[in-house]
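To keep things clear, I will list the structure first and then write my remarks on it.
Labels A, B and C are assigned to the chains in the order they are written; within every chain, residues are numbered from 1.
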């Protein structure tokens, strides 16, 4: 069986390193990337920004951000999520399965192609973890505003391999 | 003690079967109905749609959807949640207790009767599980947009009976 | 090591008692303050209201609520969260660490200082639990509406000390 780390390598994915510099500085003190209770892990909110803070397609989907651009932002966010999973459990190979992905999308009130944005994120997960471990529960929610005018934010939980496995 | 399955039967509730056809086809690949870690279960986003995709009162609460219609949509969503719980743990009798219900409601900016919508969902839970196991933590959040112009979406977690109990 | 309860006492924080009167009456039946599965605890939605229902700065941030007022509302909400943690696990000293804080903020569409509001809540957590146990994963989400026109609502999870520890 192909491992998630091997798949990510073969796909040539660019996955950021959240250990260097340490996660969280941009938004102030008191933030952390993840928390684990037993084998259940909750990740902090993930945005379409690189480690230098450069944003991918900030704005409002349905107004100044197109569906294609929103989907690309969601894809970049999912790549960031992979980096945060590595930080949390050491390796993507220690991810037993994803649990839920709550996708916040900054939209106009009449935009209704939310799932076309969110699938930019969830497609990354099936590419890397396969169709079973990479499947998620999902909701896509249109919101008025997100931090730093980002158009997408991901709120993800997953199951980690038991320590010692 | 009356079991949740018996109560649901006596109430004559119409609960959809999410095993046939399999959950998730309408919104694309990579989605699943639930994930369980230990006895903690997270469900995917649940909308007021039947298995054929027919929606109950799509639109915006406070504009083209009334409070009564929104509450009915929330009630249908909760019935769908019961079906997803059955899919996740086999029977409503294997639900030890609900944990949290995050209720997204598509609203105008000045609508403030959110709890009148959400109680359409949470009343179903107390009818079926009783006042203790059916009680939930809840938040009601007004949003700009939801998938397929639905007016309501539920994000639910619960505790399942330990395997072997 | 200074305990969270001792820190809260020394800081002179006003933390409400959610056992008297019992939590939940204002929003109808079927609601509870928390649910615990193993050592993982999910709290119900928390708003900037005192036990009598008096709200701190209801309205829309970016319109009739300023950044300073929104931050104060977030701070009051976090103090309420401390009261709900006490209700859930008996004492703040039984909180091993916070997991995630999802911060809903009622905003105009062009408001982008969301993290300036949310830090009103997360600063309380580091004051009381210190920089490690008090750090959280966080997302700040602008929404159209919240219950009773509140400008802020918190959706928090945390890790409790194992029973018997």
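Just so it is clear, a residue touches a chain if its C-beta (ideal position, glycine included) is under 8 Å from a C-beta of that chain, and two chains touch if they have at least 3 such contacts.
Predicted model, so just to flag it, every value in this text is computed and none were measured.
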Subject >> Partner chains that chain A and chain C have in common >> reply: B
**OP:** Indicate whether more than half of the residue numbers at the chain A-chain B interface occur in both copies; give same if so and different if not.
**Re:** different
Subject >> Approximate Å spacing (C-alpha centroids) for the pair chain A, chain B >> reply: 25
Subject >> Multi-partner residues of chain A (at least 2 other chains) >> reply: 38, 40, 143-144
Original post:
Where on chain B does chain C make contact in their complex?
Top reply: 38-40, 97-100, 102, 105, 107-112, 114-115, 119, 122-123, 125-126, 131, 134-144, 157, 159
Subject >> Interfacial residue positions of chain C with respect to chain B in the complex >> reply: 24, 27-35, 37-38, 40, 42-45, 60, 104, 106, 143-149, 153, 155
